[in-house]
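Okay, so chain A shows up in both of these, paired with chain B first and chain C after.
Showing the complex of A and B:
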């Protein structure tokens, strides 16, 4: 009778093997890819870190005063200065002789666009900071406006399809190539659909001295127009189609990829999301845009040699799959 | 022992004596010599400090913010456009109540481009929630910089030390620098109570809604008002160490019996003092040196204005479409006096326009004897250079 019930929260927490940097109970939407990515990142990073967080959904849904979902020392300053705030924290900790590591969190707006200059400066100066971009491909916090990361042809509130337009006219900025040009020790992409891979990359980045960069593809059910329950499926298809290559770079050189076992057609990924709905209308320009997006995926597969060589443990089908007997790959 | 030092070099050495652990800066005229001096001291191993040479002023302020939030003493310096580019971060630093110190080497703002001295840059940050202290001399700049760290850390507020560009920063003169022992005793190692620490994780800069935001602003305002005591105390305590005052919040100088007052901020004071001293025929004036512009020391100012019939507020900035910036604030403060002086508000010396000794007689003639307070004017604007329609 005196035994703690199994569902007692503290008991469950005590049993939980991993450190939780981001607690449950925050205000993210159902199926939020960014919340999942932030939880996975902070679990892997562990408790001896400080976090600088850009303005955006992650900041807003985790810290409605007087509540905070963070179990880490965390600071939000403004939208565009996250990498610089992180650089300042790193400089301070270094001067104080402390081993605490520094993380910077930003969305794609805070990385590709308004935060880009500060990020470039931080990397050029080689601060020992892991900058994590939670890439959900638009300004979601302000209500889904296009960003430099929004994919070509996607619908947002500022790139609406219409008589003269088929969604975003421009290409998704190739941020990783720009990062690579800084020749930082470690840069990688990851996806919430492949959590083991994501954790491994966080740990790798944390073990790397100097600036490192991780771009995590994080679906936004509200902004992309898919069901909250489909976040992982959608994220997985982005990788399986080749539209979001999962790769690793050292000093700007490609050192690893997550191979695609059997590339899926981009339409499998696009048709699950309302932001691409206009591409499935029966008209010429819709077909041309679909072809265009397929060409982008094909080009990614070719460029990064993403095509797998059969059934590999670590590929788009094998990674993060629990196999019979409980063995876990990767 | 007095050393012949350029203002900027003296400031670089003084900042080093304050032992900042992180300095972040982006070069801009006329601030450059200060950060060059600090960089050299770091390079020569004379200052143990992370010198972060950033890619913009926005990042300079942000690096300083991050460093201070992580518990280090932090410093930055800028001017003019740099101050404007920092603006977003400056409001954030003060709103988060992060203590750090910045030198503003006062310079005009674009456009059109002008690299010379006025105070439009720091005045544009009037409402940023930073303490602003204006320096009349390089010696004051040295002493105020040391005091600024004490004030910032005691009040948990950022302090901007305003030093006229070129007029002070690039002028070489004999200066007394404090010893390391004096500064160390005055500025012991500091721990920020609200710093970022994994052993006591807290969230800084959270989303604060309407149900708490007014209280945040109230607390900030109260802290700024209370900082008046800390500013006076720091000046008095530092005077005990080095034997020099900087004038607390407001300082009265010149002729204490005079019925005419002239209020200034920054280095123009010396020119006006020299002008009055050089000609016994000129009307005598009491000089009111407004050292602390934020917090605005209304009580101390009223006390300094007692017995005045006229008060000329001479400033190095303006609010186009309204007039002066400091003038209306002074007017609002003195109007509560039993016998308030008549306030006359002029701007002069904009964009480095030379302020010569005849400035004194020009402003006195414009103000005294007028039936009513004359409207705000840029007193040294030359109508000959203006088209008819703009005169």
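Showing the complex of A and C:
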């Protein structure tokens, strides 16, 4: 390759027309959905924030001492208390009369399971904190153990398919309903496949006074068993099949959804991932679980009215439409 | 003041010290690939490139992109059968882009606004080239030679420029004012010595041209009617289809007013004439072709040579087409035709694998008509270059147009046995001009091929929305009586709409997908166009080679290549 460096890369990097909250050189795997989600979140949140980050992949791959990939104030908490740390920072900043926004970052383990009581308390006390859950549906950092967020029938190292079970026996916890029960001003789900929607929701949450919550579906190529290049495709299919509904809530009421034009069969999503490979065996249990997941998707579509009623052709309202010159992402 | 021990913090962005690019086994690269419209265009236009400029509102830049290949877009935008649209990837998504409508709009806009061709003024020392014939092939050759910095002598036997475009295309397809304006526009280019009423072999010899010029392009077209008879009977009032069509285009009338006519042949001349006869009030117009009506799915070697659009408009206008039929004999009363005997025929492969026409016995029918017009094609009139014509055609190297066995003589357009459309002629002229410049420079002519188009499967369609194509207004058949143009043009907003629908196959859309979706902040956006024509630069120091950018590129512009 004979590269003619028209641009000096360091200068070009410094001049990027967006805030680089998460810098290059982090150690995330190839095609990491969580790294992308964190990059997009900090980009939208802007520099005037402080972040409390629970133990997990995100914490590990961004801060191999003595280096850090963050370009904003960031503090590492233990696994379970991120929301408490964030609540403390928020109280301190408020006491000082500063407008700096507080973010809390955690994986699904640090949200659904281990960090849940601190999160519930933070929301109940109404701290002005945006809690972002990077949902990759298992404990990836410690080697892919099942979490409360792991979808039904998925294979993890602690929910292996075998004679007795077809992957995880239990359902994925409906965390948003639990969050909604806290009656907080803003809670939403988003996906790395729809970055403009994601960033819009981050900004909206930042503008909301009081506790807000954002769950971002972030594929993990290693833990889910798909090619790194397909991270966006997998995330997109999770939305388009109805398995991951992208919705917004205010005070526990549904106020918006990312509609699906033509729902895709769940098998389109599942067959790209090794963690669901056993569902494609030619046996009754596999067929049954495949249909079970389809039924879950159908119920989501029904419950959140992801498809319009009647002949109205719903689509993603341009959330994934590209335009010459990139104005889609503005 | 609280002192934080060094082990408890790190400085922001210091991860840049760690080059994750070393993990990579594949790297993304930008690679522009030809859009199918570009590969399919006989004239060599890059529709994707000019649609991109139209979308940005740069109409003049778009026109300049068109005329980089084809100097006559107002003409071809009307008469071309637009294989670009058949090839368009968007046809597999919803409907193809109305490319010819955009081309026509740009051509008309250039004439309306008087945009000048981006052609240099040749100096006194510029090489001299000769072009014979001012049909589309000759005009394109002359134009591209001028673009290449030459002086060009262009000779034309007729009293006006245009060749077949002027003499044989009915005004309802190509209004004369558009033709005149675009020809005048092009013929006014500096460095062009245009001589009308100058016939090769009469006013100037090929040897003289050859001696005074570096190279010669011959674009004689095909004007000599082929001998035609059915079972050795020739009616007394026999005229060829081209003669009648030319008479009508020139004067607007026909010498006879028969009630029923049979035209033998399936080319554009036959179909144009059939439509002209309907306009002139002939009640029954029959077209006899041993091939089929061209339609999607009909193989090329079994389809009439006329284009699908023309044939379907002819059917709308009441022309009767007899497919797979041949003329067995004429029924004459004295010298006058009263009918003909037709027979079913088809092309079949013989034992040697060659296609042969086979007539099926017992399928004869009689068709009563007052006149029979053969429109079975024409040969090259080789006056002045008789030795170069073989079996009625010019035999040329298919890409560069070098006349077989000749040095410095090139040809193309209808004079070739395999070409018969305006856009093919323009392409022939363009490539021959390039060949003439190379010939002069003493460079080898490597065999050329059209660029391989990017397939539909290499695009990522998740990022587009369906949108119906803008259609040109078409005059309903009952109103198509006179010379009025049948197809109206697209309005400016429809042209922009079409450009907006373009999928930008194989070319950077600057959509920001790669920049937005890279988890490693390794795609950097540039303010200006980057060296490779995109708006982005890969920072290989950090790119881990995950391939998200390539997989999510909507236009197939990013490729992963092994390190």
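Just so we're on the same page, the second predicted complex is superposed on the first by the 303 of 330 C-alpha atoms of A that agree within 3 Å, B and C clash if a C-alpha of one lies under 4 Å from a C-alpha of the other, contacts with A are read in each partner's own complex, and residues count from 1 in each chain.
Following the convention adopted for this analysis, a contact is a pair of C-beta atoms (placed from the backbone, for glycine too) under 8 Å apart; a residue touches a chain by one contact, two chains touch by 3 or more.
The shown structure was predicted, so the numbers you read here are calculated from the model rather than taken from an experiment.
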item	value
Touching partner for A:50 - first (chain B), second (chain C), both, neither	first
Which of chain B and chain C A:169 touches, first, second, both or neither	neither
Touching partner for A:203 - first (chain B), second (chain C), both, neither	neither
Touching partner for A:85 - first (chain B), second (chain C), both, neither	first
Chain B versus chain C as contact partner of A:251, first or second or both or neither	neither
Touched partner set for A:65, first chain B, second chain C, both or neither	both
If touched residues of chain A are counted for chain B and for chain C, the larger one	C
Residues on chain A lying within both footprints (that of chain B and that of chain C)	63-66, 68, 70-72
Residues of chain B defined as touching chain A within the complex	21-22, 24, 48-50, 52-56, 58-59, 61-72, 74, 88-89, 92, 96, 196-198, 200-209, 212
Chain C contact footprint on chain A (complex, rising order)	1, 4, 6-7, 9, 12-13, 15-17, 20, 22-28, 30-33, 35-36, 39-40, 62-72, 192, 195, 221, 227-233, 236, 315, 318, 320-326, 328-329
Complex interface listing, chain C residues touching chain A	6-7, 10-20, 23, 29, 52, 55-56, 462-465, 504, 509-513, 515-522, 524-527, 530-531, 537, 539, 541-542, 544-548, 550-552, 554, 560
Chain B contact footprint on chain A (complex, rising order)	47-50, 52, 59-60, 63-66, 68, 70-78, 80-81, 83-96, 100, 117-118, 120-121, 124-125
